[in-house]
Amino acid sequence: MEIMQVERALVCSRRIPGLESVSLRVLRGARGTRAVAVDTLGARPGNWVFTISGSAARHAVGKSILTDLSIGGIIDHWETDAARPDPRS
Amino acid sequence: MEIMQVERALVCSRRIPGLESVSLRVLRGARGTRAVAVDTLGARPGNWVFTISGSAARHAVGKSILTDLSIGGIIDHWETDAARPDPRS
Amino acid sequence: MEIMQVERALVCSRRIPGLESVSLRVLRGARGTRAVAVDTLGARPGNWVFTISGSAARHAVGKSILTDLSIGGIIDHWETDAARPDPRS
Amino acid sequence: MEIMQVERALVCSRRIPGLESVSLRVLRGARGTRAVAVDTLGARPGNWVFTISGSAARHAVGKSILTDLSIGGIIDHWETDAARPDPRS
Amino acid sequence: MEIMQVERALVCSRRIPGLESVSLRVLRGARGTRAVAVDTLGARPGNWVFTISGSAARHAVGKSILTDLSIGGIIDHWETDAARPDPRS
């Protein structure tokens, strides 16, 4: 499962039937890669979350939801490597 | 789920039985990688879309369609990092 | 689904029971990565193909065939970025 | 299956229903990538482990646990390339 | 399916129930990445093999074995790019 940061909601009116009524979030990974995930927890921009991929992603938000990535949890506190004090200094 | 841009239709007359009658699109990802996806939404070259992979990709377009990547939605408006104004300038 | 070029057949006499009688092809991706795929279409060295991965790969060539990658189609015509004329020149 | 090192526990009070009561560990891969895995073996920070991904990850810790990555074993002894003496010296 | 070289056996006494009695091999990919696979063919260090991932990996070695990577075959003869004579020289 990956740790990513919520950037914003994805506005997308034309979707396949299995995704009409779900919230889609744009997430950014540690190396700048972006992904889209289904959110059932109400995550907000700036939140750090972990994502679940594959078939587990569907089970996580209801099997009829046709996603391959879902938000699994909102992390209480997360520091990126850049923000973390260097233990050697 | 990944955000990619539609480049063109893929012309491919010799296919496995599970894919004969579906529309195949060549998509380009943020880092220049290319992929082929099944399209049931009528996406056109230049459209930004998000894709669904794995077993969810098959459920998204009909379980008998043997794909590992399908277009899940056509994004209303998408700006790449390059095109987005730098908030610090 | 990925676009790759067929390099050659893979000669491999010791295989698990689920793969004894299938044709295995060595494929090369756009970035030089190699993969092995089951081929049921008779693809030849130099052909450009698209591959199907995951559980769909098994359905594509017969569920008892234990593969995670199968050739889904032989592309009629494909130009790599290097070979394609630069529209700006 | 990947070889990774346990960094620390992940504190995450808001989770989807399928993950409420499980231990989550932050793991670090050989190339510095991070991942979150479900731990049923009691792995501690510094332990080298191998992880299982995909549907097998769920079977490994109980099918109702909605994970795509689980710790499959704690490795008795592991040396990274950097720590291993160079056989040519 | 990926082509990798067997490095050594993985010694790992604390494992999840689904993997107690299987042989685990450390494999090295073309780009130096390492992975752990279940081996039912008796592959030895130095052998070049191809691996099967995902749900097919479980079917390949017996569905109760909770792996996401299994050795699918031992390749008769394999030359890496570095070892292969350059056709242009």
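The first chain written gets the first letter, and so on, giving A, B, C, D and E; residue counts start at 1 in each chain.
Assume a residue touches a chain if its C-beta (ideal position, glycine included) is under 8 Å from a C-beta of that chain, and two chains touch if they have at least 3 such contacts.
What you see is a predicted model; the values in this text were computed from it and never measured.
Listed by label, the chains that touch chain B and also chain D are A.
Counting hops only between chains that touch, chain C reaches chain D in a minimum of 2.
Because chain A and chain B carry the same sequence, their contact can be compared by residue number, and under half of the numbers here are used by both. Chain A maps onto chain E through a rotation of 145°, based on Cα atoms and reported in steps of 5.
Inter-chain spacing, taken between the CA centroids of chain D and chain E, is 20 Å. Between chain A and chain C, the centres computed from C-alpha atoms are 32 Å apart.
Counting only residues that touch two or more partner chains, chain C has 53-55, 57.
Taken chain by chain, the contacts form a single closed ring in which each chain touches exactly two others. Here the chains make one closed ring, and walking it from chain A through chain D gives A, D, E, C, B. Taken in their complex, chain B has these residues touching chain A: 1-3, 30-31, 40-41, 50, 52-57, 59-61, 70-77. Those residues of chain B that touch chain C in the shared complex are 10-16, 18-19, 24, 26, 33-37, 53-55, 57-58, 66-69.
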